[in-house]
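Let me begin by presenting the structure, written as structure tokens, before commenting on it.
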Amino acid sequence: MIIVMNAGASENQIAHIREKLEEWGFGIHFSQGVERTIIGAIGQKRSGVMESIEAMDGVERVVPILQPFKLASREFKNKTSEVKVGEVVFGGEELILIAGPCAVENEAQMHETAYAVKKAGAKMLRGGAFKPRTSPYAFQGLEVEGLKILRKVSNAAQIPFVTEVVNPMEVELVAEYADVLQVGARNMQNFILLKEIGRVNKPVILKRGLAATIEEWLMAAEYILNEGNYQVILCERGIRTYETATRNTLDLSAVPLVQRMSHLPIIVDPSHGTGKRHLVGPLSRAAIAVGADGLMIEVHPDPESALSDGPQSLNLPGFESLMREIAPIVQAIGRKL
Amino acid sequence: MIIVMNAGASENQIAHIREKLEEWGFGIHFSQGVERTIIGAIGQKRSGVMESIEAMDGVERVVPILQPFKLASREFKNKTSEVKVGEVVFGGEELILIAGPCAVENEAQMHETAYAVKKAGAKMLRGGAFKPRTSPYAFQGLEVEGLKILRKVSNAAQIPFVTEVVNPMEVELVAEYADVLQVGARNMQNFILLKEIGRVNKPVILKRGLAATIEEWLMAAEYILNEGNYQVILCERGIRTYETATRNTLDLSAVPLVQRMSHLPIIVDPSHGTGKRHLVGPLSRAAIAVGADGLMIEVHPDPESALSDGPQSLNLPGFESLMREIAPIVQAIGRKL
Amino acid sequence: MIIVMNAGASENQIAHIREKLEEWGFGIHFSQGVERTIIGAIGQKRSGVMESIEAMDGVERVVPILQPFKLASREFKNKTSEVKVGEVVFGGEELILIAGPCAVENEAQMHETAYAVKKAGAKMLRGGAFKPRTSPYAFQGLEVEGLKILRKVSNAAQIPFVTEVVNPMEVELVAEYADVLQVGARNMQNFILLKEIGRVNKPVILKRGLAATIEEWLMAAEYILNEGNYQVILCERGIRTYETATRNTLDLSAVPLVQRMSHLPIIVDPSHGTGKRHLVGPLSRAAIAVGADGLMIEVHPDPESALSDGPQSLNLPGFESLMREIAPIVQAIGRKL
Amino acid sequence: MIIVMNAGASENQIAHIREKLEEWGFGIHFSQGVERTIIGAIGQKRSGVMESIEAMDGVERVVPILQPFKLASREFKNKTSEVKVGEVVFGGEELILIAGPCAVENEAQMHETAYAVKKAGAKMLRGGAFKPRTSPYAFQGLEVEGLKILRKVSNAAQIPFVTEVVNPMEVELVAEYADVLQVGARNMQNFILLKEIGRVNKPVILKRGLAATIEEWLMAAEYILNEGNYQVILCERGIRTYETATRNTLDLSAVPLVQRMSHLPIIVDPSHGTGKRHLVGPLSRAAIAVGADGLMIEVHPDPESALSDGPQSLNLPGFESLMREIAPIVQAIGRKL
């Protein structure tokens, strides 16, 4: 770490920091500039040390040198990890399409969707049984009944499914039914939930929080990895900015950045990322071209009667049309569907 | 709600919406402008209706008219609620100071802090036993041991305490020890946690999420109120913006806005709101002047050895000095300490 | 426009608004809901009317219905405009590559760049003679000397060039030399400059301001169009968000949104949009896939000796390599290079 | 500056940087950590050097140590500068109130306002003759006619006035009439305008750009100071964030931060900062309490007929009431009105 002292820092203040650093076993380099002193401290990173130094008198700021995540980092593993769900592989040559409604509403809806999206080329079904909603008065999901519908339909149509888990007490329950667990954007820093998910042996899709930096996102993944579950797939779904023309601002730079910083596979959700049906096609094409390992698309047989997120959902012919639209880009980028 | 149609919306599309609105029992007003049709729909709000309409063909956007929160709204109750913790009253004439360290580290630290801050004028102690930390490798708190220390010190010094709860499974446990529960910024939309807290009979301080709008914040309060717990105190603690000179951007406009939109009392946390010790004094003065009902201040007997948030913590003489600094402002605004 | 009254608005307040609206010649619809009154006002839009009403007592908010831009809107012209620069056409079938250094440094640098980027497939040269720099101590450009170099090199290599104009007094001067004028992000709302540019007969590339909404951007274009210059090309170059891993957050959703709201062609600048050389390739692919009409790429023969923006510049082999990288995407999206 | 190398940087890459730094006359310190090499470079700052190094192979990032502004910095002058406008002093003991309408509309309006705000305690009049408006169809100001009205009314009522200048070609013209020039938020990085203003001998109020960091704001001031005009007053007027409940987010932390980083006086504009009349009072109190040297308040005799910014303007009794409201806070903070 680099410690930048105030222009007016006293010799006593500098001496105090030197003493502390030596006590903690750091190697120290001093650089005495014209206007201020810079201290380089080299050694084993230790929780809280940076904060302690930042709190000391005479310190202007402390600049960390090492990235705070380890297991999620590209330095830990220098090739993209493959996360497998049966025969579906995230992070491999194939571009994986996940499709389905925001919320599971009934068996007929899921049945129709599952067969249609599979036929069109999707490799995984999505559907929410437990829904985190901004309002307590909004539809909160079918809960366990929803899980049962998903399992039944998934088995019948032979397509694995992913569903969100919102309650740390229900991680095991959801893991009994689901092929893949999802952590939603609002729960990205729900560390209790992350730890529970780290203890089950199921792949997990970790959505980026709507005000999370890429570093915080990788730190959230680190919570899961640190508990022993290495099957983490990241999902960019848009961040909150001042722009109101879209529901969120889809940050596609995050894809190559994550691929440089981490070995975890990364997919993109253009449905939440834009909030508008007519933007799903163009941003799906862009997400594939930028190098994403997959897409998560909201599809509903009848969007205008959807209990959640209708405005951003494609209908079934819309999804088929999307598949045709993306096919040439998938090929151009050297991947397969 | 107001439905704005696309410029090119067809008569069939308009007729379809009319039909649906009538089916759902809405009163309808049509306004045929030169360029587009506007539909006003009046009736009982119902979950999902707005979304369904937004998903219909020919619709450009739907403008809600009513605020989505009810129990938290000023229209529900047209005077500020008082939330009582023994003799401490939030939302009354008195300005309430809450002080203490980010994390409980040991009994001596809490003991020293409790007596000192009480003597200086604080009415409530704070201290974290369960810490939500960005990194899994950072100090996570003393957990139950921390609660026990807090209870013991609180009883001895005769000052009530607030502590954060992060796990829905531990709400009852924490409520056994604590006088006031706290929901941290990262958990503001952890709806499972909010519901659990809504079911205990304890006052709760609900911090604003770091990318939450004021409306979303009041909706989070609504989750707690809707379960039957009306003792909610809001706490502004800064939002995430592009500015990096401060840890967060303290949004003091939120105080009078909340006071106009809601009846819930509201306090301000200038320590997290700025992340810098030298800003705590000026922003405390501003928070009082803008009309906040209280302040939450990070105080540590030895900030440079703090296990968390040292750079923004005052030491004990610093807190006494803060109390002297704010006294004239408290008086000027017509409140008491 | 829709006028939403406060829940407690008095009959007098409502009557006052009705009177004013009638005086201004608006058609009026009243909707009396359970909780509040909504007034629909239909008529010719007039500057300041919305603001006047918003300032009246009893008014909660005013919701505009019509978009504030006219000449830039898709409703004004329902197909993408072609902007021609000699044989180069923006908004047509061809994807246009613009390449060159941030700043013109000397003739040799521009000469080498011009021939190399043209050979690799670029259709236009870029280079700054007048540089708007955050610091008064940074290199401010070669000014007129730079324009002369650009013209000479452009003629020799037979490739048109675009350069930024920053001073309204120099619009005519720059227009004498340049084939295309550029308005930089910091000047997007420099209305004096926009008006001057609207009065010359030269194509102009209008970059999005770093905190501009899409609506404000189209309003800035409207300033140019309104003076009679219809040759406007929009350029998305990233917006300012809380994320610090990239210099800006490239908002690729802006491309299809602009294409739906406006008839103006739109290109993307992934160099400024990301600020990192290793992200230029992936984001170029994404920009093409999302539907942009062109790309603007920073290229420098020797980035590490560049006087400006070296970290985001490609060198000449890097640009050739980019051209090979994007070719399959260009084809997949049905365009030509 | 500190140069952080990539984990995998080669010895050749490191040697290349060492060579360049030596060539440029920097003192160099190497720190060889377990995972990467850090290079400290000490010497005269030189434009472009940091960028060059950032562009070199093997470099992860470059961390600047010195602040990029000089003349505006607190290190340059370690006490707050006083900027004098006749007997009005910014940065002294007195808290300065500036009041008046957004736009000059006619002489009667300005006459009535000037006498009323002066009587209530304002020390300076404001009013826009040249208005930068988002839409080309909105009222653009009375221009020279407005300047004449301002001068006439100012002389009659014996109160100096400030007015915005938007065009570099008109700086001298405006300076002939006005007592203080204003640079609006949209022009904060209009460097041509800043340089022109730096060449006249008039005090200037420099508003913060709506997406400007504090560092960029001080760099904009540096442009003016660097041309020889030292009479710069900064004005915080809110920044653009995701929150839509206010027009901007007033960043009051900027006041003590600027006071620590710079010697320039700083005032606050709560009218633009919030965009809502009912928030002007509370945020004025907060701005004074946080330590601002003055306030700029929009006041209009008849806000609902204002040609600009009516919703955030106080009427004349409203301004008198504001003066009474702030008086105790001014006293509490140890200042005078």
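Miscellaneous remarks
To keep things simple, chains are lettered A, B, C and D as they appear, and every chain counts its residues starting from 1.
The definition used in the following text is that a residue touches a chain if its C-beta (ideal position, glycine included) is under 8 Å from a C-beta of that chain, and two chains touch if they have at least 3 such contacts.
Remember, predicted model here, so these are calculated numbers, not experimental data.
By number of C-beta pairs in contact, C-D leads over the other of C-D and B-C.
Centroid distances from chain D, each centroid being the mean of CA atoms, peak for A. Centre-to-centre spacing of chain C and chain D amounts to 26 Å, using the average Cα coordinate of each chain.
Each chain gets one centre point, the mean of its Cα atoms, and the points for chain B and chain D are 31 Å apart.
Computed centre separation for the pair chain B/chain C is 38 angstrom, with centres defined by C-alpha atoms.
Counting partner chains per residue, chain B shows two or more touched chains at residues 211, 240-242, 244. By the touch rule above, chain C contacts chain A in their complex via residues 211, 213-215, 239, 241-246, 249-253, 255-257, 260, 273-274, 278-279, 282-283, 285-291, 328-329, 331-333. Listed in rising order, the residues of chain C touching chain D in the complex are 47-48, 51-56, 68-69, 132-139, 166-169, 186-187, 189-192, 210-211, 216, 219, 222-223, 226, 240, 277, 303-311, 313. Residues of chain B that touch chain C in their complex: 2, 4, 7, 27, 29, 31-36, 38, 40, 42, 63, 65-66, 75, 240-242, 244.
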